[in-house]
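Naming follows writing order (A, B, C and D), and every chain is counted from residue 1.
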Amino acid sequence: MSHHGFTEVGAAPDEHTIRVGLLGYAFMAKAHSNAYRTIPYIFWPPAAKPRLVAIAGRTEERVAEAARRFGYEGYYTSWEELVEDPRIDLFDNCSSHHMHAEPSIAALKHGKHVVCEKPMALTAEDAYRMLSVARASGRRHMCGFNYRFVPAIRLARDLIDRGQLGDIYHIRVQYLQQSLHDPDRPLGRVPDPGSSKAGSQAILGSHAVDLARFLVGEFGTISALNPRFLDRRPGPGSTMVDLEWDDASIALVEFQNGAVGTVEASRLATGRANSLRFEINGSRGTVAFDLERLNELQVFLSEASVSDVVGFSDVLVTRPDHPYASVWWPHGHILGWEHAHINELNHFIESIVNETTVEPYGATFEDGYRAAVIAEAIAQSADSGQRVEVTFEK
Amino acid sequence: MSHHGFTEVGAAPDEHTIRVGLLGYAFMAKAHSNAYRTIPYIFWPPAAKPRLVAIAGRTEERVAEAARRFGYEGYYTSWEELVEDPRIDLFDNCSSHHMHAEPSIAALKHGKHVVCEKPMALTAEDAYRMLSVARASGRRHMCGFNYRFVPAIRLARDLIDRGQLGDIYHIRVQYLQQSLHDPDRPLGRVPDPGSSKAGSQAILGSHAVDLARFLVGEFGTISALNPRFLDRRPGPGSTMVDLEWDDASIALVEFQNGAVGTVEASRLATGRANSLRFEINGSRGTVAFDLERLNELQVFLSEASVSDVVGFSDVLVTRPDHPYASVWWPHGHILGWEHAHINELNHFIESIVNETTVEPYGATFEDGYRAAVIAEAIAQSADSGQRVEVTFEK
Amino acid sequence: MSHHGFTEVGAAPDEHTIRVGLLGYAFMAKAHSNAYRTIPYIFWPPAAKPRLVAIAGRTEERVAEAARRFGYEGYYTSWEELVEDPRIDLFDNCSSHHMHAEPSIAALKHGKHVVCEKPMALTAEDAYRMLSVARASGRRHMCGFNYRFVPAIRLARDLIDRGQLGDIYHIRVQYLQQSLHDPDRPLGRVPDPGSSKAGSQAILGSHAVDLARFLVGEFGTISALNPRFLDRRPGPGSTMVDLEWDDASIALVEFQNGAVGTVEASRLATGRANSLRFEINGSRGTVAFDLERLNELQVFLSEASVSDVVGFSDVLVTRPDHPYASVWWPHGHILGWEHAHINELNHFIESIVNETTVEPYGATFEDGYRAAVIAEAIAQSADSGQRVEVTFEK
Amino acid sequence: MSHHGFTEVGAAPDEHTIRVGLLGYAFMAKAHSNAYRTIPYIFWPPAAKPRLVAIAGRTEERVAEAARRFGYEGYYTSWEELVEDPRIDLFDNCSSHHMHAEPSIAALKHGKHVVCEKPMALTAEDAYRMLSVARASGRRHMCGFNYRFVPAIRLARDLIDRGQLGDIYHIRVQYLQQSLHDPDRPLGRVPDPGSSKAGSQAILGSHAVDLARFLVGEFGTISALNPRFLDRRPGPGSTMVDLEWDDASIALVEFQNGAVGTVEASRLATGRANSLRFEINGSRGTVAFDLERLNELQVFLSEASVSDVVGFSDVLVTRPDHPYASVWWPHGHILGWEHAHINELNHFIESIVNETTVEPYGATFEDGYRAAVIAEAIAQSADSGQRVEVTFEK
């Protein structure tokens, strides 16, 4: 049927495509798939348009539904087949923690660019293997520390880089949730063997560690506690589950540049839904942030005072001159949690297409490895009661 | 090329489709297009999957780019052709204010369901024509009062509906922006003839009026001021532009149910990026809201006090049992401004597919018409200095 | 008994004294008495040391107790005797509303300086009589608009005076309490005949009116509502009380300088303990304030932005360079509600001793009179539904 | 001269008096003197009326002025004479840190009740001597941890005591000021020899330690850092001063009851005027507090939720049923920083007159001693890098 005046449009002649294969179909897979679908019209014109080639997961019914839901062309039920598929440029690992290392390594060996969710690995040794393969591969690699791409957090980094906070003295960073606060509420599922040791430090603390590194610098020494308040909790049904994880994790840190701070994670912070927050004090200013109000950065700058008008500014980080903001909506039209993932994966795609580095604003496998080393140093100090020096393999 | 183990997926056999034609390619068109693209995997399984058939706009270069950007199959450069296109089920009017009435009426006459952005029309007469045609058409119609679909605002409505605030005494609602605060900053463009009279009341105030009606009830009387602080402002280049619009609009309102309140809009609220806020006091509780923190509702309930723990609760409206929340992310993972549009347009699609009503949670052309009547009553009181009774055509 | 090394001290040889007589023994009498006792060591060296000569009140038992409690040398049970006492320099009228006019007039006629609590009188006519006598007396006179002496409010005034907010466009001022929100809770006492008409406007609204005048300027026109939600309420015991007062009062105001605003008072604002708040938008900045956080002023100044660090500053108004702050505690050691009374009465004593004017920072009987005129204009507009022009006697 | 109807009043026949001698004339002396002068009419009828007998200090000009200013009957220039004066019942030690031990001990030996400002002593050894003498004396003794008497902090304690927070998991307490943040700003004075080692831990940290003990319980183990960012700072004039103090102090703590937390003090927290803040998470609720908003307590109680109205309540702790509130002003009329001192010293006077215990709500010399032990354990862990077990002498 003809429609007078209707002009059909197709892909632009010079449109680049990046072909994505994703492992996993849960929470993170939803966030990443949403990002790939949103990037091409928000970052306009896009560096490349993601083409969702394949998704993989163990349970066919669920992976098939995820493929239909998010628009993947098809699916695999084994990750080995996914990482071998020659049609795929970018492998995205959203599977569970203990499935981060091998699929990512295999994908790199098959020449894929790889983004892997955090914590990158459950041991520093695994993380170092991943990093070594990534370095050798010549491919782009990113560890999914998405909060670096929250505009307010990136603005904090920019203020520090520009020297507007002066010398950094202090950081306090906490990732607080309440999922385990009630000792009587059953766990949703029995933790699988690979992750039963991966507690608050792995799940929440790795974000806190990465932000401290991103904003303040490299860790020097650590004194820590990894408390477990309950050894057994009710599981599904009427079972009781033995637990080996830490319920919380607190590290007292000296940074290599002389700053000091605390880096904390807890899943027993009753009332805190998703509060990743920090305060950083420098000789010329202070910033403070809370993920539950992620569009805002509290900023105190000595230089910004007008006579007696001195105080913390509540900066709504949605102005066109703010990081990652101009592509979105007009000033004052706030962003949500998922937007950091969109900003992050667009950054990764741009790094691939434009052959630019992922760092310093994106986290690489080097950052993922270092977070794993720090997690082990925290555990070591918690066990021994000693202040531990952090050292990284080259 | 064969890929062992790869299973291709297509559309589900029973997948419903709703075919969309959209007029406009600016800010609102971006928000609505984003919604249509997001709905099918967020509201899963979707009531119907939007198929973006055509977009229309005056300037071919821009409408063609918008079509490619947002994935419309093609475009028109005249709205008349768009509204006639038999392939279209749903006509979405995101064009400028003076282009709301005729295209919407034509689309209804061609049997389309119609969603029209606010303010629905620049006169109550035009709005009533639109309403009359809509009523006669048997089609679904919605006026784009998207803020009804902010979860925290819907929660406020639910608390009122359940009687948890008791009898409503007061509302104060303000939509404050700063776009015109600086008398020396040139206007971005010369207001076009059709909209030079459409000032703060039309652009911002209509949202405030609709929220007052949505939350408290129908307007009874109005005393108002529509100040214009500057008759001339610098325009683009070195021109000066004569202005007929109101810079701000403030109405003192008696509601039909006995509540009283103020309904205000201003584009001279220096420092306020996008602050649509309200406070409602009832005999048993109070709610307060600000769009710059749209995930939060401040709630005071007499019934919620535990002995001496009495105060306003800062409710983060992202729990699975909160309105429009369960489809998104886990609790504490906040939503952005655009999500209200996604929730809104999904609601409209569901009303079409499931043959449910748009009201009471969505705004219909009846609501668009009533907002237009109220805008005229405000102007009339501002001119005459008299308290004006609001009356609507049946 | 001799104490080696003990040096007795008495009054400084040049110590000035101001002799105070106070009428009333309730809430305000407590606040004022506290002020007189605190002034001499906080404002050091004091302009004059208050000597508490006499207190007066109807009920001997209560006035005698008040005298002992607050350290008055003695008491009267009739105000007529108090205002005649030649030992008294300063008459302080803290009695109930309908007892403001005659005792204040009599005291002025006996040559006392007079401070009278607000609302200064229940009618503009009474207020004008008070003003006329005050003018003729040559004595200092002050109306107890104590909130002018909250440091953060005075800072707001200073910012406006210095032009840092630019031209003023908007004010919204509200005094919200919850004392009457529950229709079933009995009134503490039956309103006495003289004050049964004095409702929210007199009790709370007069403060809001004065702040609008203090900060923005003189009222031009008013459109208003004075709603009474309940004509009868339960009284003490099982009685029902007929009521003539307004439960709330809302005025829409054009100021003489072109600013517009709303001035509101309510005792049905559930959950609001004592929220006197305002926001003022000017062409170059905005200030916002809430009495429940009276040490803070939210300030947005266009001039204060450092590149992309733009936002409202939360100014803790306790720095030594802030108004009324240097005599108190170090920065960050916040003040309470009562401190405004102390600052206010010290200002009045200084105006007497140093022969300086009470205005512009203190309110005189002129301000008390004008607030009374405005209250009547509000009532007139509420009754008639007309916008009313405010006019003052010379 | 006779005044018809004037009735003179004197002291009540049964009025108790407590005779105060105070050492010091600086900031704390002002706060304590203000308290003694305010107590008798705020806590009405008072347990006893403070009679300000004598004040002592080294510099005659200053101590004489302080005596006249605050109304002491006379002064001494040596503390030895003050503590011997038989007219004195209560010795109040507001002198500098290194002058806390000997005068307090001497006063106890002369039979005085003693309140001593914090930190009680600069060494645990001195503190233990003070405690031993206090125990032997049979007199009341209090250490000036005034923040226990902030109504909101006491409410936090009450919630914990009642079990409304459940089992305590976490505390984070920080006392943040900015006095040293600028490395170029000269120190106001050269620290005197006795206090050059007394840094952030002594000045601020002792408050943080006491609050952690007051709210959560006794310390078990400590891992700590006591950083000094600058060894030399500009002093008065153009001198440079060598420094031995800690600029900040951070302790990672296991409490004896299993809770874990961080206890921190810093004088380099740019922008923080006087922010003593804490958050405590328990299995059933959370409280959070900041001294810069000392009238408010943020409270999350699982039990307080009404269906989907779940969040932190901002409790304005000024209701008559709140701790220390009923004697002051009506609800919503906030208190200032100084009021905690007034509440505290009234508590001490009541404990003397009524022969009640100072604990558990007031701090005794036992608490002062334990804070000193903890300060030394912090220093020891900071030096050694080892987790240290805290042990107290009996």
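One rule holds for everything that comes next: contacts are C-beta pairs under 8 Å (C-beta built on N, C-alpha and C of every residue); 3 or more make two chains touch, one makes a residue touch a chain.
Everything numeric here is computed off the predicted structure, so don't read it as measured data.
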| item | value |
| --- | --- |
| Furthest chain, CA centroid comparison against subunit D | B |
| Pair sharing more residue contacts (C-beta pairs) when B-C is set against B-D | B-C |
| Between subunit A and subunit B, centroid-to-centroid distance (C-alpha), Å | 34 |
| Distance from the mean Cα position of subunit C to that of subunit B, given in whole angstrom | 43 |
| Where subunit B and subunit D are represented by their mean Cα positions, the distance between them in whole Å | 54 |
| Multi-partner residues of subunit A (each touching 2 or more other chains) | 272, 311-312, 316 |
| Subunit C-touching residues of subunit A, taken from the complex the two chains share | 155, 159, 164, 299, 301, 303-316, 319, 321-322 |
| Residues on subunit C engaged by subunit D in the complex (per definition of touch) | 1, 3-9, 11-12, 27, 30-31, 33-34, 37-38, 40-42, 44-45, 54, 64, 67-78, 81, 85-87, 177, 272-275, 291-295, 316, 318, 329-339 |
| Residues of subunit A defined as touching subunit D within the complex | 165-167, 169-170, 172, 174, 176, 181-183, 221, 223-225, 227, 229, 247-248, 250, 252, 254, 258, 260-262, 264, 266, 268-272, 281-286, 300, 302, 311-312, 381, 385-387 |
